[in-house]
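Every chain is named by a letter (A, B, C and D) in the order it is written, and numbering of its residues begins at 1.
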Amino acid sequence: MRLSFFLREALRSMRRNAVPSFAAMATVLVTMLMLGLFIPVVQATTGAANSVRKRVLVDVYLKTSAKPADVARVQTLLHKTPHVGKLEYVSRDAAYAQQRKAHPDLYKLLGANPLPDTFRVTPDNPDNALALQRALAPPAAAGGVVPIDESIAVVKNRKTDTQKILTVTNMVKVTTAVLALVLISASVLLIANTIRLSMFARKREVEVMKLVGATDWFIRWPFVIEGTILGALGALGAVVLLGLGKVLVLDRFFHGITSVSAPHTVPFAALIAIVLAGGVAVSALGSGISLRRFLRV
Amino acid sequence: MRLSFFLREALRSMRRNAVPSFAAMATVLVTMLMLGLFIPVVQATTGAANSVRKRVLVDVYLKTSAKPADVARVQTLLHKTPHVGKLEYVSRDAAYAQQRKAHPDLYKLLGANPLPDTFRVTPDNPDNALALQRALAPPAAAGGVVPIDESIAVVKNRKTDTQKILTVTNMVKVTTAVLALVLISASVLLIANTIRLSMFARKREVEVMKLVGATDWFIRWPFVIEGTILGALGALGAVVLLGLGKVLVLDRFFHGITSVSAPHTVPFAALIAIVLAGGVAVSALGSGISLRRFLRV
Amino acid sequence: MPPSSAKAVIEFRGVSKRYGVGAVGLDQATFAVDRGEFVFLVGATGSGKSTLMRLLIKELEPDAGMIRVAGHDLAEIVRNRVPYYRRNLGVVFQDFKLLPNRTVHDNVAYALQVTGRTRREIRDKVPDILRLTGLSTKLHNFPDELSGGEQQRVSIARAFVNHPPLLLADEPTGNLDPETSIGIMQLLYRINRTGTTVLVATHDQTMVDKMRRRVIELREGRVVRDEATGLYTRDESTREFALRLRNDAPQAPEHL
Amino acid sequence: MPPSSAKAVIEFRGVSKRYGVGAVGLDQATFAVDRGEFVFLVGATGSGKSTLMRLLIKELEPDAGMIRVAGHDLAEIVRNRVPYYRRNLGVVFQDFKLLPNRTVHDNVAYALQVTGRTRREIRDKVPDILRLTGLSTKLHNFPDELSGGEQQRVSIARAFVNHPPLLLADEPTGNLDPETSIGIMQLLYRINRTGTTVLVATHDQTMVDKMRRRVIELREGRVVRDEATGLYTRDESTREFALRLRNDAPQAPEHL
């Protein structure tokens, strides 16, 4: 009987307080919609940044004069070097074949194979790429760098702008993290704020209830249930809009692309679950807590 | 007398309605803070996407056998081709010198200059890069492509993944535009919502004022002024937090980087102006409009 | 129907007001009040007294019939002229309707401020009327810091402060003790003597009996009685008036 | 000080309550009310009647002195026991304090719901008490759709519905016409006859005179009079009681 009473109370209250109820719902909807839009964006951005970072390689070019024994020695050496993650050996013949396949026209112009044997070293962590390069070719006292093995011709980053990639991706990651944090706290704040306000509009009502002999929890339960329902409705609205957006916009115009460029996005089902749970939890808690002030009669 | 009266009324009302006033201010602060954080991020992202797109080039490699007369002819031809924006001629000697400077070690390994004369064509619009390539080397009936001039060896995009760059940057731009729109409308909605709620809490008061003979505008002005003040205070708070964030985080940790990677960011002063004006305008308007409902007594 | 008399301040002609199903506010009410009259409106609870008042201040619209105040048909007052019309009325509301965020002083001052009076005028008039209603010590209290009777007196002070040509008072003494009630009635009488038309809804039978003024009685929205109770003495001084009110039992005609 | 009598339901001992500067709520009030008594609380507006009531329901805390109800010191009731204490009281508030979002029926039912009564009990009791207070036709109206007197009767019904051992009524007839007032007083009397202690604050001098019950008079927060007015007849039937109230003038002792 108790639960059904509280439920009926919550429904009555929503019906009779259309304005604040609607306002609370709209706030949940809007903030959850924002969250639902930003979470995949943030994830995709971070994913993209990470996959760019994964491409940071250190290429160790051997001298064209290197013999197989030299190659083996260098390989052993590299295996012992700290920060070396994956190690891939590309023989000069393999490199030539690969390049010729990629740029047939261009390589037609070349005569003999100009490419050396190469080790492609993936650092254990992209941030260590520069340290690794320095370890393999430490700066010489005379200036310039001297590779640690005489068979090594050059140690290079795949792209000359590794440094730039690293800082930019780092920045992107920090920025998105900050934005996500700001957005989440903003959502919580905004929802709590709205609920506080709609409680405030019913301050008098709560006072009267107390004077008539209602206990704190007797007053609180309907409000918490109301908050839960409103939060669920708002979150549901957000989910429906997100779903519509996905079907109408994402799947239609970016068909096939999203899966390519944003493989790290959370699945849609999980996103929905997050949005729903977030909306409901924040609203329910907010209602329960905001009420405390007005219960002190 | 009138203005000072309205001003005093607004101040009194803020003092006596601390909860809703504070709530309205907090909402403005939070939303404006979000806007203030996202505007530069959106701008930087769009800027970065644009600068990536600018790098989309079509390279026209001439045959090594091309004579200066051939080069001149191709140049004239290119000038007449639609979608050609900027045209840059790089002679094979210049290309060799440039490459050798960039990769001295690698080019030491090469013997003779393997590079051909090249035209670097910037399309008038990055989106036309593929069309341009097709125009310069239309597909032949027999399969494959045949360049429009016999001296042209190959027509290539600088990067093989032009298509990918284009779609990704397009997506980034659309996404940020959508996010910006969502965020701005969400801010307006949330602020309007909060104001509506705090008006609702004073519905009775407005009704009494009307019964005592106050005109609509006599009631409305103090509310609008109050909205303006609260909006200004909230926006000011957001600006102070943004400024703190800039000084403490951005300038300290990303020193020098932001200016490099995000050259298109709005200047901080303009951002402040936008945030302030936005907060004030939305709050003032919101107050004036929300009141309309309750004035119909 | 008799033609409307030119000097009628309030004129109701067949006014009906129904709230939803069943609830009758007013039912074919017809009467007229002349300028300078003092009229009591009596009737059981729910008989339509407040409805009549709310129709007069155009808070409600009648379903049928015509209401004229000072010759103007209320139905013809457009929405944005309503505030100007209301400024000619002083209204004591049954539930006081004080502004919760204003002090006693500011509540009363508000009625002057809406009409654009200067601060000087406010400084002159407000303390005066508050003294008359015995609220001088409560100047800076907010309504929720007042006793019921004090709130009622603030409502009365606000209605009086403008010296309106028409005064409507809905149960102005419901929360007042007999002595204070007599004070308020004395005030009403004094205001009436300056030419103001006064309409008072009340349940205080003793007061009505003693005042011997015109009485309109409502029953379920209908006017069932409309008579000047016996000895209608306009030229009595305020002091004589008060003396008579304090006389306990309703007695036979006295020093007339 | 005399020792507190064991059968006192309400006991005030030197209770003082001051609001901020100057405003005196109660000043050294000392009195006791026995079980089953019917007591009138009178006094000018602002004399502290509502303050006394609010202290009794622990809405306010006294600055000094001790209040005991049914033998319990109110100061010793901890915060989360207050609701349970309040359920033993029926309170008619001067400003009604109805829940604006509930119908008449639900407002009265709420007082039963807080104590966890079943729906069956509510279905039994609420319509009964609403019939007694003459609100049967207004069951599904919201408070803002009621006349002042009807709202007051809802407040009375809510206070009665629980059959509380102690009933506090602050101006229960301020907005009621004489006939309805007698009805309400009759109801109070009937409830009192079942053993309930009743404390009524009122300005209705006529009623107090006719009821001939104990009267406590406050003036500026002090108890200045505490007496049983003459002929205290506990065994009068409700009908005789009503008859006597309707008799117009306060007369000499009648059929005793």
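As a working rule, contacts are C-beta pairs under 8 Å (C-beta built on N, C-alpha and C of every residue); 3 or more make two chains touch, one makes a residue touch a chain.
Please read these numbers as outputs of a predicted model, since none were measured by experiment.
Visitor: So which chain is farthest from subunit D, going by the mean of the CA atoms in each chain?
Guide: Farthest by centroid: B.
Visitor: Measuring from the mean C-alpha position of subunit A to the mean C-alpha position of subunit D, what distance in angstrom results?
Guide: Subunit A and subunit D have C-alpha centres separated by 65 Å.
Visitor: Report the inter-chain centroid distance for subunit C and subunit D in whole angstrom, where each centroid is the mean of the CA atoms.
Guide: Centres of subunit C and subunit D (C-alpha means) sit 30 Å apart.
Visitor: Using the average of all C-alpha atoms in each chain as its centre, how far is it in Å between subunit A and subunit B?
Guide: 21
Visitor: Two-or-more-chain contact residues of subunit C, please, as numbers and ranges.
Guide: Residue numbers touching two or more other chains: none in subunit C.
Visitor: Taking each residue of subunit B in turn, which ones touch at least two of the other chains?
Guide: none
Visitor: Drawing the touching chains as a network, do you get a line, a ring, a star, a complete graph or other?
Guide: Chain contacts: single closed ring, each chain with exactly two partners.
Visitor: By the touch definition up top, name every chain pair that qualifies.
Guide: Once each pair is checked, the touching ones are A-B, A-D, B-C, C-D.
Visitor: Provide the residue numbers of subunit B that touch subunit A in the complex, in ascending order.
Guide: 19-20, 23, 26-27, 30-31, 33-34, 37-38, 41, 61, 64, 102, 105-106, 109-111, 114, 116, 153-154, 156, 160, 167-168, 171, 175, 178-179, 182-183, 186, 189-190, 193-194, 196-198, 200-201, 254, 257, 261
Visitor: Across the complex, what residues on subunit D touch subunit A?
Guide: 57, 59, 80, 82-84, 86-87, 89, 91, 93, 97-102, 106, 110-111, 113-116, 118-119, 158
Visitor: In the complex formed with subunit D, which residues of subunit A make contact?
Guide: 1-2, 5, 12-13, 16-17, 204-205, 208-216, 218, 297
Visitor: Considering only the defined contacts, which subunit D positions touch subunit C in the complex?
Guide: 19-20, 22-23, 42-46, 49-50, 94-95, 137, 141, 145-150, 152-153, 170-171, 174-181, 203, 205-206, 249
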